[in-house]
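Right after this note come the structures.
In the two assemblies presented below, subunit A is common to both, partnered first by subunit B and then by subunit C.
For the complex of A and B:
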């Protein structure tokens, strides 16, 4: 009797543990085939001279030593860091500001939320094409303004080395910041309104409400978006590829475009894998910092 | 509130769909499989090719695919239009799949396929169908790897000077034949507010290499290029350095597209449009321009014309550079290689059919390397195109040609030519350093067996 009683819960316990895994099995299998397998293959190819076709020859750390001395890699890495700095500040600030201004609005909020969200749901290629037309150096808004007597905006933004990266960042931000507004707004609306009422009774102004109540309350959302911003900034590709292909003269080159050029332009798939691996490393460092801070008790 | 939300979401969806329908930077033409169930005993041959638009697509299907299928009841040819063809094909072939007929951007790209045993040697088919009698010998030579034939050129091309004839006639200009005439004309254009050369690369970054190749051929000379390709001399020879310096000088003077910023910003529509409406006077571009010129001159009241490129140094004899736009091979994994060979033969075996296809497509693509005479072309074909094709094909048949970078340079060196010249133009790299790096990469690629066969020029050794 005693044996029977202990076996039953054990079986149930075993079944309880197995069932979730069975549900997860298809997606796990898919992940192994689509993500883990190619990831491990990429690690292997990073140490080879593979062209993307045929056999790969093991060349040790040659790709990595080349990468360190490669001026294009350095330019791309610096551009990724600039991109990260831009996206950690400009859209985050705009998103917070937009959400803060929008939060008290009761009438027409849906309209604004929708309007801000529209650029996010449009394909990046289409967004890029729209802005290519708007900023066209002969037929765009710049020449039109010049004809109205405002010549200083008449610039070939994507064609000038000093402005290309920032012009692309502007276009990318145009689609991104509205998404952040909606995310932050949702987080702000979950904040207990009694906190604001109490603050107002204490005489707090809008800025103090934001700084002492809103910001701490939405901190997990904010930190999560910051974390994802850093990761996505190291993976950025589409807008840059569509608008400048990393040019002119590598002025807007980033690591992802360099991976693409190496793999599909120069057929240096081994070198491309090494550059890709370095991108993963940078993202891994950011995630490790995030996890470490959480373990130290940070509420993020 | 709920109704308003639904209306807003509906508006959002409609706007998204509307914006998504805007033309994108790259024409996303999906492949078109033909789901016809095949009768017993009929084998299917698949061919992935680059997307063609509108009437050009209809022309290929009508003039080539339909005629082939009608003449071969035991074979069904299916042509799929694949955007990003080279990358898609390489990935599929590497995975042991892909089409029966493998199309690549040029002979240098076929070498990787050969090394990995992904394409079949065509020597037996060449003997069976008599291709050495039908196809130009240089065209067969460039498709050989280690003495075996692996690819055939699907289209060949050259670089010419396009110009707005109406504008030239109005100003009493004639096409320049040497550097002095070219520079005098460019200066006069600029003085009159006309862009000398409608050049830009926003639609096709690789346009950079057209100019590098042209300046090599027309300044250093085709003989010197041949010697460098065979490494009898090096790419950092002073003549190549001077050619690059001259190219930089033209860019610095704002002759290309009205300046460097515009060059990097303007698209194909912009620069061909500028030539058509007379905003620009000339452009140095390939014979694929026969497809663009009629479109961008239509409705402008202007007329287009072409001329050979001028020589840029007195000691040089002008030549037409030999370019191969794409090649065709047979997939080693094809279950029906003999049927695929039948398809290839259909491309080259009848000059009239080939001329009809070339004409209907507009003259810039599917220009197969076989001898064509004026009589082969339909009567309605533009005589300017016939004059061009018969002129440069006759020159090529004599071995009188130069070399285009996208045909004879290995991929890695070619990519450096494209990206490095932008650093020369912005002054961060000297012409000397640019040529030295080219030499370093080329020598390494040559040692690795990545340089395709270089057909000997008339009089060169």
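For the complex of A and C:
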């Protein structure tokens, strides 16, 4: 019994160290095989002329110098920035508007919430097809409006270089803004109602209530959605690939479609890895700025 | 003190007007899809946006089911989604238990690592992974994408489940441990039964993501026999793009299970998606 007592704590200590790691083992192993390992490999391949098959030859910074000089890369990067600007404004505004109008409503709130959320749960390929029909240059809403005497919307939205990116952003936003309504609504419902009562006694109007009470109260949620918007805007792929594959003439190309085309269309896996690495860099910079601002004491 | 009523009773009529316009914007296109799915090829050409006036072409659904090879692709998508749900719940449940309950050394650093990892682009690891998977014969193989979904979706589910698990008082587990239960028994007999709503939420969300997923599916599954509903529909819409009746019926077939399940369990979906959509 005495020997048992002396060995028991040590054995249990060793086991206590090991057991948590056994529970973590599957997620860690999967992460290493699928994400960490290939990501590190990508960093290596970014400095090679790898085609995806055979040997990779080290070529230094050639992929990166090519990237900087490549007009397609520049178009793609600028398109990602335009995308960021669009999604930092339009869906955020629509989300805040919808949530603000919905928050005081008791009758039918669930109905509205559900109606706005449904497009978000539908697959991108379907949403894209819906809008491809509605915005069709011969049979869609444009020609119909033209017959009613409003001709200026009768445009091949996805087929023209000047409109393709914005048309895709419109479709993506259509499925996205309702999600933000639900997120902001949840945040607004957590705001203390006494604040609003006090404001009304002071004679505040709707705008003042929104600006001085609602907005500061939901600021953590709002800032978080802004941060994620920036990150996702650098990753956008589905809607662009499905609707235009980056065309016409690269007019709606973004970094993610360029990686895809380079790797699987042109078999330039090394160059694709370099572009993918640059995407990660942009996301890393955004996260770093966010963390730095927070450390500086910004309440975000 | 008598509480004064607010001086003006604010009318909600303007709210309703704008909210209803937003509903039209949100659901209108889906109604167009539904009504187009019931138009014959002739009618959809004459009347592409209005309601069907020349009878309902239910045939579109039969045709779409056959031409779209839905017997195969729905089966594939079900295999992928269900395997993703089961795998992710198991993998993330174990991880969440370790993070929430087992004093894992370095738990904060690991959480941070997974948080950063989930916001990195798939394009960072996609290309080498494809060529590794090609060597392992996991391209054109449902298991190949299932494993990827396990890896990509588990961190989200682990965070979600951890938040459920930390709220369970440790008295329950401690009592079981005193009785000689192993940590596995604590996990499977106490923690899982107490946090099953979390597992349900996580499962619904990752099931939805797997059903709708496009990038990995289009990259890793090329042969028609292994295509999921999304990639198959993408090809189908390209091939039959002119026959809106057919493509719309095919779209309704693939979104119907999702929308029905969403409407039935929307509270869970919304909880999981708003949590997961923002924290991953």
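We adopt the following convention: the second predicted complex is superposed on the first by the 275 of 300 C-alpha atoms of A that agree within 3 Å, B and C clash if a C-alpha of one lies under 4 Å from a C-alpha of the other, contacts with A are read in each partner's own complex, and residues count from 1 in each chain.
The rule we apply is simple: a residue touches a chain if its C-beta (ideal position, glycine included) is under 8 Å from a C-beta of that chain, and two chains touch if they have at least 3 such contacts.
Every value quoted in this text rests on a predicted model; they were computed, and no experiment measured them.
Q: Mind checking subunit B and subunit C on superposed subunit A, clash or fit?
A: Partners clash after overlay.
Q: Per the contact definition in the header, classify A:137: touching subunit B only (first), subunit C only (second), both, or neither.
A: The answer is first: A:137 touches subunit B but not subunit C.
Q: For A:250 in the superposed arrangement: first (subunit B), second (subunit C), both or neither?
A: Only subunit B is touched by A:250; subunit C is not.
Q: Would you sort A:148 into first (subunit B), second (subunit C), both or neither based on which partner it touches?
A: A:148 contacts neither subunit B nor subunit C.
Q: Just to be sure I read the superposition right, which of the two partners does A:238 touch: subunit B = first, subunit C = second, or both, or neither?
A: In the superposition, A:238 contacts subunit C only.
Q: For A:266, using the defined touch cut-off, is the partner it touches subunit B, subunit C, both, or neither? Pick first, second, both or neither.
A: So A:266 only meets subunit B here.
Q: Given the touch rule stated above, what does A:194 touch, subunit B (first), subunit C (second), both, or neither?
A: It touches nothing on subunit B or subunit C.
Q: Taking the superposition on A as described, I'd like to know which of subunit B and subunit C A:156 touches: first, second, both or neither.
A: In the superposition, A:156 touches subunit B alone.
Q: Considering only the touch criterion stated at the top, classify A:17 as touching first (subunit B), second (subunit C), both, or neither.
A: second
Q: Tell me which partner touches more residues of subunit A in the superposed arrangement, subunit B or subunit C.
A: Touching more residues of subunit A than the other partner does is C.
Q: In the combined picture, which part of subunit C sits where subunit B already is, 132-140, 150-158, 168-176 or 204-212?
A: 132-140
Q: Considering each complex separately, which residues of subunit A are in contact with subunit B in the first and with subunit C in the second?
A: 52-53, 114, 117-118, 121-123, 125-126, 129-130, 132, 136, 242, 264
Q: Using the touch rule from the top, collect the residues of subunit A that touch subunit C in their complex.
A: 16-17, 19-21, 23-24, 26-27, 30-31, 33-39, 41-42, 45, 52-53, 94, 97-98, 101-102, 104-105, 112-126, 129-134, 136, 139-141, 144, 174, 178-179, 182-183, 186, 197, 200-201, 203, 206, 224-225, 228, 231, 234-235, 237-238, 241-242, 255-256, 259-260, 263-264, 269, 272-273, 275-277, 279-280, 283, 287
Q: Under the stated contact criterion, what part of subunit B meets subunit A in this complex?
A: Those residues of subunit B that touch subunit A are 4-5, 8-9, 11-12, 15-16, 19-20, 22-26, 86-87, 90, 93-94, 112-113, 115-118, 202, 205, 260-266, 270, 411-412, 415, 419, 422-423, 425-426, 428.
Q: Report the residues of subunit C in contact with subunit A in the complex, numbered from low to high.
A: Residues of subunit C touching subunit A: 4, 6-8, 10, 12, 15-16, 18-19, 22-23, 25-27, 29-30, 32-33, 36, 45, 48-49, 90-92, 94-95, 97-99, 102-105, 110, 114, 116-117, 119-132, 147-148, 150-152, 154-155, 158, 183, 187, 208, 211-212, 214-215, 218-219, 229-231, 233-234, 237, 241, 244, 247-248, 251, 254-255, 258-259, 262-263, 266, 269-270, 273-274, 277-278.
Q: State the interface residues of subunit A toward subunit B in the complex, per the touch definition above.
A: 51-55, 72, 110-111, 114, 117-118, 121-123, 125-126, 128-130, 132, 136-138, 155-161, 164, 242, 244-245, 247-250, 261, 264-268
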